[in-house]
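Shared chain: subunit A. Partners: subunit B in the first complex, subunit C in the second.
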Partner chain A sequence: MASNTLRRIIGLILQYAGLLAFMAFTTFPFFWALSVALSADPSYIWLFPDAFVPHDFSFMWFKRVFAEMPFMVYLKNSTIMSFWTIIGVVAVSVMAGYPLARLKFPGRGLIFAGIIATLMLPSETNIIPNFITLKNFGMWAAALQEHLHLPSDWNMREWVGLNSYFGAIIPNFAGAFGIFLMKQAFEQIPQDLVDAARVDGATELQIMWRVMVPVSIPSIAALTIFTLVNAWNDYLWPSIVMNSKEKLPLAVGVFNDLTGPFATSTSLVMAAIVMTVIPVLIFFAFTQRYFIGGLDGAVK
Partner chain B sequence: MKTSSSYTAIAYLFLAPALILMGIFTFWPVGFNTYLAFQDYSLADGTSTWNNFAHFKYIYGEELFHQAIKNSLLCLLVVPVIQLAALVVAKLVNDKLPFITLFRASYYIPVITAVSIAAVVWTNVYKYDGMLNLVLTWFLQKLHILAAGQVVDIQWIGDPKIAIFSVMGFVFWKGIGYYMVLYLAGLQAIPAEVEEAAVLDGANAWQRFWKITVPMVKPTILLCTLLSTIAALKIFQEVAVLTRGQSDTYTALFYVYAQAFQNYNFGRAAAASLVVTFFCMILAVVQFRFFGDKK
Partner chain C sequence: MASVTLKGIKKNYTKDVQVIKGVDLEIKDGEFVVFVGPSGCGKSTLLRMIAGLEDITEGSLYIGDTLSNDIHASKRGIAMVFQSYALYPHMSVADNMAFALKLAGTAKEEIAQRVNKAAEILQITHLLERKPKALSGGQRQRVAIGRAIVRNPKVFLFDEPLSNLDASLRLNMRVELSKLHQDLGTTMIYVTHDQVEAMTLADRIVVFNAGIIQQVGSPLDLYENPSNLFVAGFLGSPKMNLLKAQLVGVEQGIAVVRLPKGVTLRAAVDAKRGKVGDEVTLGIRPEHLRVASMGEAGAVPARVDLIEHLGDHVLAYIEIPGINDILSLKLPGHTTELKYGDSIHVLFPEDDCLLFDSEGIVFNRVRK
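Up next is the complex of A and B:
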């Protein structure tokens, strides 16, 4: 019996050792950045293990980030783009999920198969045609503006074409993941609820909005959270579409500044990184059960 | 009660936003890419002319594209490593122990970090005088393998021989949390009694892992392996932010990206992307076969 307990304890110690070692691997870049950003003295950055302990604690590098980099502009852009992406994705997914889950109509199977098939396509190859499409959108908008004799300072080209918020987020609106998630959620709602609403004379829009949506709030919350993190972290597409600095989101703007001429001081770079990652981490701390507990529904 | 035809109208009305957006930004690009691949496209005036397979002939003979394909295939090496590691880690965090949520969350942090921002730190880790070499130096000196004055100075992303592996290391760091969560869901579906019975029968941890855990999460392993195979073939954002294609790290999709947005040769980029799409389609068929058989 005693040897069994001993073995249990040794096993537990090994398990925690493994857990801690792996934690060191996944989080060391962040802790390094944090400790460098909090040290006024930059001479310890390239020393191990001293670099992981703040020396001469101060917030001066964070203040300098605000002074030397348009951080608040990037933050504003990220917020605007994430907000509208969430609205767009949730609206499109809820509306598409409802008929796929609850209505019988010709072509349903085909449409659903088509939507799921997009998961197989390498979406990264879409960047070329989408770039051209958005360029055309901009040209059409400019032509329309001219045709209607609208004032030239409206610059409608940059409302819908390249270098517009619209262009940076619109390709993400209709995604198979969101539609699939909402379809699954709507399918689990008892038919009686829908029938009762129908007998009471509710229209389909009312059924969706008054019955389906309130019951599916947990799924919508999960979709919102996933969309927020994806939109906030989206790097590639905004970096291609946006060409003016004042419209860049955090993931692009901070990266450009940190790898460009701004990158004179590693401490400054690390401070900017910490400031970019912190909002996501705080958000993650509150919603982590959706990420690391709520995926079962999506897997099955 | 309404007639079925009015349901059809309503259904399509509800589906319209999704179908229109997908049509423009997902389906149209596939067709347009195929068209572009056979054309010389001029971005300035939007004109295109048929060029008799010139792009395909070009990339067929081009060293850079061959290397890009080779690197993309080499990236498949990350698949077995990441899958095994993710399964082991999922197993470690599957027990109800104190602080286990903290561990799970900390493994997921790389997944929710923007790839560009993470790459900035990793560039500093991989530099020849960066953190990785410092850590290696420290350990090797502690172990007396290196003498006090000697240092490790491997050019992790500067040396063409190892740069692609460093990119794969970054991919591993970024992706393992995602697969861990998928495996965790699979592991939690295994009844606890199975494992307890094996313990009573005297199976050790090694045997339990290979004889019970692996067979019981086989569907998840299949799913994750296919997901990560496709993801490995599509590696390129990591290249774009970490090495920018320098030191022989072109991957197939990075080639597409570089041709389009650095050379502005959209036609050639489309031709290369058609090749990638073709490979992904083959994988998709394999995927359907696998999961079709299961049901």
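Up next is the complex of A and C:
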């Protein structure tokens, strides 16, 4: 009896110890950055454990970020690009995942295998083909503009070509991961629900948008968060495509402006990073409630 | 309202796998028909074919006078209630019920009026604003039925609608479904594996096995005059007692059979197509077996194996020496003197005995 209780206590301690260790492991970079950003005195930032406690507490570095770089411009760019990436990824994933999960057509297995196979390619292999494609997009847009005698200040080359928001986000729309996730989500929905909608007179598209998608909200929320984090932190591709400063997203902007040979301060970078992360955390807090129970009450 | 006519309906999943092997059936306008059979017999598949959720491989389906094989499910004038209820979890009860009408472009006032009327019939008016997850199983079932009612269908299809409910709720809903049928007078087709539901609800029962209709008839007719061994064994609880026997005499209106170990019994059936020496099966319902006193003519000795007191009646399981099958006996509730191990005598009244040939087909009863 007593040994049982003891065993349970030890088990609990081990569980908590494991979880706490994992939490420490995943969160320490953020807390380190936060502590450095809040310390006016930067002399402790490479010392352990002093670096984790703010010395000479102040918001000075945060204020300096706004002075040293156009933070709000970058924030606006990141927001625009992330928003449209989420819309694009969710739309493509839903519309590709639904037929793969629910419709029977020849070649379905092959198409799905092809989509999954793209997961095995390193993303760097896409850079050159995508770059050339975008460059051509820009040229075609410019040619179209000329052909239609549109005003030259429209500059359509930069709507869809290089140095455009469109170009910076479009390659991320068709992600195998999102398609896979939505396919799995749609497969989990009971067939009876689809049949009920069919008897009620819904077309395939109505079944998808009015029944399947609302029921899959938890999966879509997960995909949204995942896409947001990826798009928000996307560095390599935007840094290649974008060449004007006023179109850079935060990840590229912070790196370009605050690091490198003329970098002024590590504390400044940390303050910028903390401010970069916070919008994502806020978004996560607001969407968390959609993660639960989309199918509750549907069947049985 | 409409009749439903099935002519030579077949369903193949692949070339070799045939689940419905030719069904001919006429369901009259306003009739309550129950499809009953064991799991996998094809009854649900047939219902889904009528609904338009499964293709018909061969044969013709008429709803009313319209050939409906290739008409979309939503255009057939049917409404279906699923075993799992299949409520849309993201919509309120009212929206669930209104969904079909909205899709059909019905005017808002009419939708509201029809939803309210259906809700009144089912007494769920107070639930209209709730989401399905805030409802109990019985309430969800009502909503599912309400969703069917608002469409004013010509035919209601029910796919085992009560099997997810607990026993007492099932009983209530059964009574309500019966009432609903009386009030609406709409044709209803109901699939179940529960023979009690079949017996209590149906105007006519259709018994399926292995993709073939075994028998069609009123509940009592099927109970008293099963056309074959399958139907005899499927309907009734406890099951009909079935005993292997040999035909030893065919007289005018009487067949004489011998059980292993020499017990001779008589059944009031016309066994002229049988020959003496044929293997046959004798069937008798538990409530027809009688406890007799030792001296009575035709009394067979037996031993009591188990007694179950169920309040209104007593079930006795008995063994006849030399026969492997255990027979069940249904006795009045006050029969309390029997106990385990008692030696008794039982009587097989000849008018209540049924006889099946070696193929399982019944010999017709002779009514005196």
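One rule holds for everything that comes next: the second predicted complex is superposed on the first by the 227 of 300 C-alpha atoms of A that agree within 3 Å, B and C clash if a C-alpha of one lies under 4 Å from a C-alpha of the other, contacts with A are read in each partner's own complex, and residues count from 1 in each chain.
In this section, a residue touches a chain if its C-beta (ideal position, glycine included) is under 8 Å from a C-beta of that chain, and two chains touch if they have at least 3 such contacts.
What you see is a predicted model; the values in this text were computed from it and never measured.
By the document's definition of touching, of the two partners only subunit B reaches A:22; subunit C does not. When both complexes are overlaid on chain A, the residue A:215 reaches subunit C alone and has no touch with subunit B.
Once the two complexes are overlaid on the shared chain, A:131 sits against subunit B while remaining clear of subunit C. Of the two partner chains placed by the overlay, subunit B and subunit C both lie in contact with A:198. Legend: residue contacts after superposition of the two complexes on their common chain; A:63 is shown touching neither subunit B nor subunit C.
Judged by the number of subunit A residues each one touches, B leads among subunit B and subunit C.
In the superposition on chain A, A:190 makes contact with subunit C only, while subunit B stays out of contact range. Residue contacts after overlaying the shared chain place A:206 against subunit C, while subunit B stays out of touching range. When the two complexes are laid over each other on chain A, subunit A has residues 198, 295-296, 299 in contact with both subunit B and subunit C.
Those residues of subunit A lying in contact with subunit C across their complex are 190, 192-193, 195-202, 206, 210-211, 214-215, 217, 293-300. Contact residues on subunit B toward subunit A in their complex (touch as defined above): 1, 4, 7-8, 10-12, 14-15, 17-19, 21-22, 24-30, 32-33, 36, 43, 46, 89, 92-93, 95, 97, 101, 103-125, 129-131, 134-135, 137-138, 173, 176-177, 181-182, 184-186, 188, 205, 220, 223, 230, 233-234, 236-237, 240-241, 253, 256-257, 260-261, 266, 269-270, 273-274, 276-277, 280-281, 283-284, 287.
By the touch criterion given at the top, residues 11-12, 15-16, 18-19, 22-23, 25-30, 32-33, 46-49, 51, 91-93, 95-96, 98-100, 103-106, 108, 111, 114-115, 117-118, 120-133, 135-136, 170-171, 173-174, 179, 198, 204, 208, 229, 232-236, 239-240, 250-252, 254-255, 258-259, 266, 269-270, 273, 276-277, 280-281, 284-285, 288, 291-292, 295-296, 299 of subunit A touch subunit B in their complex.
Chain contact summary for the complex, subunit C toward subunit A: residues 48, 51-53, 73-75, 78-80, 82-90, 99-100, 103-104, 131-135, 137, 140, 147, 151, 164.
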